[in-house]
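Okay, so chain A shows up in both of these, paired with chain B first and chain C after.
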Partner chain A sequence: MVLSAYAQQGTFILNNYSAYNFNGAIVAGNPTPTGGTCYPLVSSSNPNPLVVPADSHIGNGLALQIDNYRDQYTASLYPITTWEVSTSATNQGVLRTWSHPAVMPGGAVSNNTKWGGSKFYMTDPATGAQVPLFNANIAVAGTCNTTVPDYYTCPSGSAEIFTINSGTNTITYLNIY
Partner chain B sequence: MKKQLLLAAFIILGLSSCNNESAAVNSVESMKTPEMNNFDKAFKSLGDPQNRPTEEEKKRNTSELSDRRKALLVPASKALILSTGVTEAELTRKTNNDMSATIVWATQIYSKKTAEIRNKAKSEN
Partner chain C sequence: MLLGCCTFSQSTRLVINNYSSYNLVGRLIAGSPTVANSYLIAAPNTPGSYTVPALMTDIQYTSFDTSGLSTLPIYNWYLAAGMFPYNDPAVSALVPVSEWATFYFQTKDNAGNSYEDFRIGNPAISSGIGFTSSSYQLGSYSEAEWFDIGGYTYLQVY
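Up next, the complex of A and B:
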């Protein structure tokens, strides 16, 4: 669980402090897009949805933590088997297994993407029913994203995505309260 | 009869696997140092009404946590770093009193400690 210096994408931590299960996908993209595009874009594909149970956070050691696309498969409590990679408008949605060279640390995709956001919905862990209004697209502000907010709130809870950057280290947090 | 036995065996399997999992969780909870607890509380407090992003903070075109909210994490981060035997002088030299550097360093320590506790719990089970 060393925060790796070689993966420019940085570390992603999802803290689900809420009483509901998180279901969704997490997305990374090019933080310095050229020509208004976010390529390469990387999204979790399998499992779909990616589930982080209620009350799972750094405090009880159950947070979702990803240091890079590959090593998360063995290190994370919620391993992602397949990533969906889009590198251009004409090269969309290519499925890459966690061990595929295309998503290796130090590779072009790793070096040119940073954690960007998530599309999620919350469910009641007892019934599996969706929690009314507790679903959103959320993304870091700036870069190629101009429309999706980095903060969401509804009667059942709230969610926010933020970064803490120090030198070459960027940690991206998705906190659900 | 055979079916019932099988069913019973599965139920016991199910129960014991749940127990292992909660044992691992409980051990992280119970083996956390006070400094780890405070670091965790500080993070969770970002969701408290008074600590949520203000309208002004929401309008910034960056997702970097605001200085006001970073300041909420700094005392617990410093305490966690110092609890590992790092001296005040070392802390100042390495972070230059930069809030982000302090929080990132503390997060690295926190992750490492949690992983150690979890591995220990796994090997004991």
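Up next, the complex of A and C:
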């Protein structure tokens, strides 16, 4: 029998334990890429940057949590209005509103993407100034983005990204310290 | 079972998701850019030409010679030698040869009014059999995209 290519998107949780604001984008991709491609790819597009304030995490109920591309718009503390979707090398960067069928739960894109990475910079909540060296591009180990580390550290803090399988769900955590 | 004997398979399954409120009426075409005269064109289903109804999703064609079993059945294929039932050996013979190429279609409302023309497909495969297509097209009323994930080819219309 032919195996199904379907995989679950899973949940994304960003815990910002640091004293700085997270500013960035989050990216999901194909967890079982074929032919050397990561398509489909989905990244947050609006707001840009996506901001998660200092000291926002599951410990105080202020974490960023995304269960799927659509329902996060009403459920998340930090709603994403528009996703940027690339389905192939020729179908690049199509903007999809959170309610568009292209990104609905159970659709081809949702079923074939899993949270994988982020690029971000941290800012001082009082001044808005960027924190020196506290910016990175990180991705879950073993995903298609093999050149990006899953851990980053600098004098002002650190970040890690990893997945945990919980029952049938996969949770991807991005923790910033 | 003769496992290992016959590893033929066509390259992908086709999944059609029509999220739009238009009927998609036209010619669904498969073929091979390397083997001449190996094309297949879906024969008309109601109302007169191959039609994907408005808002019909999760239509799947696992292979050409099982297309009559789909939720949107294709009972007959036009081949170079004429029209054949989907389960005819002439169709099965093209399963390891041909690939999904393109869907030339018009968006139509239930009254039959046409809105736009789309030529959506795999440009490399369809051009190899004489049909020009693109993998993405944005119209004034609708939008269509064609892409591959794993062993599946998706055609999605919004």
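We take it that the second predicted complex is superposed on the first by the 168 of 177 C-alpha atoms of A that agree within 3 Å, B and C clash if a C-alpha of one lies under 4 Å from a C-alpha of the other, contacts with A are read in each partner's own complex, and residues count from 1 in each chain.
Basically, a residue touches a chain if its C-beta (ideal position, glycine included) is under 8 Å from a C-beta of that chain, and two chains touch if they have at least 3 such contacts.
Small disclaimer: the values here were computed from a predicted structure and weren't measured.
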After the superposition on A, what does A:I58 contact: first (chain B), second (chain C), both or neither?
first
For A:Y39, select first, second, both or neither according to whether it touches chain B, chain C, the two together, or no partner.
second
A:S88 contacts which: chain B (first), chain C (second), both, neither?
second
Of the two partner chains, chain B (first) and chain C (second), which one does A:G142 touch, if any: first, second, both, or neither?
first
More chain A residues in contact [chain B versus chain C]
B
Touch test for A:G10: chain B only (first), chain C only (second), both, or neither?
neither
Let me test your reading of the model: by the given contact rule, A:G167 touches which partner, first (chain B), second (chain C), both or neither?
first
One more residue to check, A:N112. First (chain B), second (chain C), both or neither?
second
Share the list of chain A residues that count as touching for chain B in one structure and for chain C in the other.
2
Write out the stretch or stretches of chain A touching chain B in their complex.
1-3, 13, 15, 17, 57-62, 65, 140-142, 149-151, 158, 160-167, 169, 171-172, 175, 177
Can you tell me which positions in chain C touch chain A when the two form their complex?
9, 15, 17, 19, 123, 134-136, 145-152, 154, 156, 158
Of all residues in chain B, which touch chain A in the complex?
24-25, 28-29, 32, 37, 40-41, 43-44, 46-47, 52-53, 58, 60-65, 70, 98, 100-101, 103-104, 107-108, 110-112, 114-115, 117-118
Contacts from chain A onto chain C in the complex sit at residues 2, 5, 30, 32, 34, 39-40, 87-88, 90-91, 94, 100-102, 107-108, 112
